[in-house]
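Chains: A, B, C and D, in written order; residue numbering restarts at 1 for each.
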């Protein structure tokens, strides 16, 4: 998985990690609550972008393979999983 | 801000940071996409909980003070900010 | 409650109602799934706007009154309710 | 599209329509803001369920057909659309 998307995903996760550390400092220093909440919102958006990249790769790999294979069971499993991810993501 | 809520918020942010590092490892090791997305969803939920704690403290401190203070302008500013946070949070 | 905000809220809800009826027709006529989902997303955004208006009025009336009154219990109740609304809205 | 899922989707949309009319009455009668917001949240959840049903049918029909069809262009279009729906839904 050392392709370009993987590198992009890892780079974004590292940035999220640094962002969260920055928020810890803000909390520690008693920064204004609203500014902290806004930074948390920014991290949540960054994570949504990462989910999107992972999901896009999933659609182009596993989902495409499972649907192309005439194995009804694995196709059904992959589509059910996809619906669960959609729902979980909508509530996250 | 060395009170109990601050400690709780910091503890949760540290846990989010570790969780994100764990997801980086999963991506690196080529773990199944759906499992990665589910872990990202879990982190987003944890962050929502942190936002809630920060916001709850904000309501009990700054918002309460501004509303009690008969200063119409600062009350208005605090309520406008609150609505912005509410909207940003709904779209995060 | 026959003020301007109430009229605005009612007008928006009537528009949502008409929008939903339009989606029913689309489903009935077998319109492309993605177009239907996009219309549902548009209705959800319209409803979010309505929630915002109702909440904004709530902050300026009940919440302000409860916080100004030195009744700790009613202030606490109003703030707890507000946090519940925030959380429910974030998951809707 | 007179199948069972379509009937279920239409039945749910009719119920949403009635629910929205009920909220209009609540606003008209000056019901407590928080109760109104909670009803709007309930409608948003019902709409999310409808989106899910439409999307599930979409995955089992158009998406499956496009991916099976060796037509790279239409497969790509269907997957791009799916990602757009996913993102729009996450922000709704």
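The rule we apply is simple: a residue touches a chain if its C-beta (ideal position, glycine included) is under 8 Å from a C-beta of that chain, and two chains touch if they have at least 3 such contacts.
This one's a predicted model, so the numbers in the text were calculated from it and none came from an experiment.
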Most remote chain, CA-based centroid, reference being chain D: B
Between chain A and chain D, centroid-to-centroid distance (C-alpha), Å: 22
Gap in Å, rounded to a whole number, between the CA centres of chain D and chain B: 28
Chain centre separation (chain C, chain D; CA means) in Å: 17
Residues of chain D touching at least two other chains: 48, 55, 89, 92
Pairwise touch network: line, ring, star, complete, or other: ring
Full enumeration of touching chain pairs: A-B, A-D, B-C, C-D
Residues of chain A defined as touching chain B within the complex: 1, 6, 9-10, 13-14, 16-17, 20-21, 23-24, 27-28, 30, 32-34, 36-38, 40-41, 43-45, 47-48, 50-51, 54-55, 57-58, 61-62, 81, 85, 88-89, 92
Chain B-touching residues of chain C, taken from the complex the two chains share: 48, 52, 55-56, 59-60, 63-64, 67-68, 75, 79, 82-83, 86-87, 89-90, 92
